[in-house]
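Have a look at this one before I ask anything.
For reference, chains read A, B and C in written order, and residue numbers begin at 1 within each chain.
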Amino acid sequence: MSEITIEAVPERSADPNAPLLEVTDYRVGFKTERGLAKAVDGVTFRLARGRTLGIVGESGSGKSVLNRSIMGLVVSSNQIEEGSITFDGTEIVDTDRQPFWGNRMSMIFQDPMTSLNPVMKVGKQIGEPLKLHLGMDKKQARERATELLTQVGIPEPTRRLDQYPHELSGGMRQRVMIAIALAGEPDFLVADEPTTALDVTVQKYILDLLGELQRDREMAMTLITHDLGVARGRTDDLLVMYGGRVMEQAPTEVLFSAMRHPYSEALLESIPTLDHPKHTRLNPIPGSPPDIVSPPPGCRFAPRCRYAQDRCATDLPELVSDGNHHYACFYPVGTEAGAEALQTNIERGQTAVGLRVSAEGRLG
Amino acid sequence: MTLARQLALRLGLFILLLLAVSMITFGAMNLLGDPLFNILGPISGCEDAISESGESVTVESSDGLAQNCGPDQIQAVQDAKEQYYLDKSLPERYVRWLGDAVQGDFGTSFANQGESVTNIVRDKLPVSLLLMVMAQTIAVVIAIPWGVWAASRAGKASDRVSTIGSFGLVSMPNFALGIILYYVLIVRLGWFPFRYEDDDLWSRINSLFVPAITLALPISAVYQRLLRTDLITTLQDDFILMARSKGVPRRSVLFKHALRPSMFSFITVFGINAGALIGGTLVIERIFQIPGAGSEIVTAVFREDFPVVLAFVVIITAGFVLLNILVDLLYSILDPRVRT
Amino acid sequence: MTTQHHSHLEDEEVPITFAVEGVVADDMPAEQFVTRKTLGWGFWVSIGWLVAIITAALLAPVLPIPDPGVDLSSDVGLREPPSTEAWFGTDALGRDVFSRVIWGARISLTVGFAAVAFGMVFGGSLGMLSGFLRGWFDSLTGFLFLTLLSFPALILAILMTSLLDRTLFTICVVLGVLGVAPVGRLSRAATIQFAEREFVTAAHTIGAKRGRILIRELLPNVVIPMGALALLGMAVAIVAEGGLAFLGLSVEGDTITWGKMIADGSDRREIEDAPWVAFFPITFLFLTVLALNFAGDKVREYFDVKEISV
């Protein structure tokens, strides 16, 4: 990684409509004993202030690496970054992004128990970014921290300031984490599976809170999740990732109403909902994520796709654009080609890769 | 269980242990040794000499030489027995000793014409304590920056060199290290005094400096390794990443966030190490000719001067156990999760 | 014999990604996480040294070296520096230092080995029994261990050596006793850990008697962590003998040990006039202890023995 450091944090650019974050053909690889692991293999998107981009995929899809790399948090001597990311007009790929952290871009993590310092009082943890970025003194920081805790909906905020993380409930800890992340008043927030470790009942409140705070502060946000259901209604645009590559990308409602990629479809079907009859088996997608060091030729998802045809195993589909809807598939869902492909597989009882397909079109 | 109750239990155990230690030491010395001989020398052989006529009788004493046992000698024997309660039973002698000891009177030395043991302790122990405190302080002062530095460079070449260095320091027996440092720093370079100088606090510290670093270096290597290990583990925790993402600069992350939760192994060993430190001090005092408790114990052991040995053993052991209790307390202060 | 040091080397294999800057996200290839558990070349070098020194010690009587007690002042001289006639020089009594180092190895190594053996046998069995039987026996031995551990190690050694005749046997016993408590606690903890595992319950249910379980099921498992620590224990014992020798409390008489050689060679005059007399035994002691520590640490890492919580 090069030693370029941005000396002073650049001023906020004048044009409010220009996208805050422009990511162009971004790639992240890690040198390993077996070869280059392409954790992120060509991602492009734009994110404006006040908008939310949802990034969806299973573990191993590259979604976490993508976001942490955008932030610049995953840094090691065997990491390679390529492509371009401009943050508010400044190119940040291959630079040390420390000057941005806390005051321009910030992150909240999945597990609030392990993400908060267990031996440091809550107030002090919130105070740190306040002192660092907003130049507050102890007294001011305490006042502001109390305000922040109120904003995130924590009752008896003054008392909480002197408590330790283990004294709070899971939901409260997550709120504290949000307060800490927003204390420095960043323009961009990465929310890495913020509700996965929480109780279902609490999830909704946290997500609502995030949405509210985002609107109030006009922040750009990326929301990472493996659950399409969480993404719906909370995001403006969606990016579906698999094996480090983008499978489908569209404004959220478009993606839901005109879903094209088989992986997106599979993700949608794997969400258990109240509509399903009781005792329905959960429908996870069989198989496991691909090897990102030496992936199989052809479409990354082919080994687990019920539409797979011969071509899928040999040729790598590129992103096809239909306005602002992009997808990488030869036999997309909801098209004639796709329907035919599925029919073929049903008739012969298996996909081109050898996965068994039932008469109803289910895998396995 | 509450802190107070815990403390009470620990103190109770402490007292039991001290009793056991003192009993064992007292018993062993009195059963396996010959107190009377140690006090009086060969005259002790006159114990059994009875002459009806009151004349001098020649007796062969325990070292094989002829000893003249006249009325004076017999009187000396009887005086000694009275003074040191030697004609009483062992348990009774122990209880007498214990009773006195608890009040701060550790009896009189067998040698030195019955000098008060308490005075001897009071003279010699502070020197050793100063040495040990200096050694531990130096060790910690070296270990923390070293450990942090090593953790931040984990896996790199400089870290490997540091590891080898640590290993080397730990494997070098402290008396060997002491000889080397004595030779280099005192004999050859002459930077520090040959003898212990007692003029003021500064000269004392100066005289104890080389012995202190002799003790401190291997200990600091151990502390540093533990700190490094724990730091590396802690640095993988999510909250470190979170702290970074807040914009906290690297150095602050290391010292303000990572260091405190990583100190536990190091502190645990701190207590256990005190035992090794005490042993090391004994030997080092010999090499550097420091008039501390260590030198005194060894001399007393050779003379079989039981009261002195007993007093030092009990006091030092008490200190050691107490220190471990304090370390446990410190543990719970540092980690708030343990408190509740 | 408190274990004087805990040397952790497992982090040598920590991949570079785990430096301060970053944490690897969970969608990373698994190779990055593996810490290779091999013994490594350093281990074999250490073993090589140990084998060499043990061999030399065993073969001392038949090696073509001068008698270690003989005064060579007529041939070579007193306090002569190393030369072709006397590889390590001669000491204040004209004796050949090289030969004395080899002969000294015999005793020093024997002490190390015997002390550890004693500690393991007695401490280990007491610990296992108390861990297995629990109840009043456990409390009693627990208190015994605690009392032993309350004595700072060297003080206990000094006490014992001053009251007993100082033969090779008693010195080994004394150092062994120092090890009984730490070894005992470890073996007790290990026994308890294993005893709770299912294979012991399984053995019970098929009607195995307790003694059988102890020996057939538990012992082999407890022996592994104990054995891993044996090398480290030897290092501590050898150093302890050195310390005792330094205080004049090691084996009496003409017996040569490294500790005694160092003690003899280290008063002020000797150090100035003939530093080699102390230097060579120091070097051998250091290298042997280093080899034991290093090998012991690797073994411990290999068998993955953590500090079993007591």
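In this section, a contact is a pair of C-beta atoms (placed from the backbone, for glycine too) under 8 Å apart; a residue touches a chain by one contact, two chains touch by 3 or more.
Keep in mind it's a predicted model, so treat the numbers as computed, not measured.
Q: Compare the CA centroid of chain C with every other chain's and tell me the farthest one.
A: A
Q: If you tally contacts for every chain pair, which pair is highest?
A: If you count contacting C-beta pairs, the leading pair is B-C.
Q: Roughly how far is chain B from chain C, going centre to centre by Cα mean, in whole Å?
A: Computed value for the inter-centroid distance: 22 Å.
Q: Taking the mean of the CA coordinates per chain, how far is chain A from chain C in Å?
A: 54
Q: Roughly how many whole angstrom separate the Cα centroids of chain A and chain B?
A: Chain centres of chain A and chain B, defined by C-alpha means, are spaced 59 Å apart.
Q: Multi-chain contacts only, two chains or more: what residues does chain C have there?
A: 16, 19, 21-23
Q: Of all residues in chain A, which are in touch with two or more distinct other chains?
A: As it turns out, chain A has residues touching two or more other chains at 73.
Q: Among the residues of chain B, pick out those that touch two or more other chains and give their numbers.
A: Each of 238, 241, 244, 250 in chain B touches at least two other chains.
Q: Enumerate the contact residues on chain B facing chain C in the complex.
A: Residues in contact with chain C: 13, 16-17, 20-21, 24-25, 28-29, 32-33, 151-156, 160, 163, 166-168, 170-176, 179-180, 182-183, 187, 218, 221-222, 225-226, 228-229, 232, 235-236, 238, 240-241, 244, 250, 253-254, 265, 269, 272, 274-276, 278-280, 282-283, 286-287, 297-298, 301-302, 304, 309, 313, 316-317, 320-321.
Q: Where on chain A is chain B touching in the complex?
A: Residues of chain A touching chain B: 71, 73, 98-103, 106-107, 109, 111, 114-120, 128-129, 132-133, 164, 166, 177, 180-181, 183-184.
Q: Using the touch definition from the top, list the residues of chain B that touch chain A in their complex.
A: 237-239, 241-250, 257, 260-261, 334-337
Q: Given the complex with chain B, which residues does chain C contribute to the contact?
A: Interface residues on the chain C side: 2, 4-12, 14-16, 18-23, 143, 146-147, 149-155, 157-159, 162-164, 235, 239, 242-243, 246-249, 262, 266, 268, 271-272, 275, 278, 282, 285-286, 289-290, 293-294.
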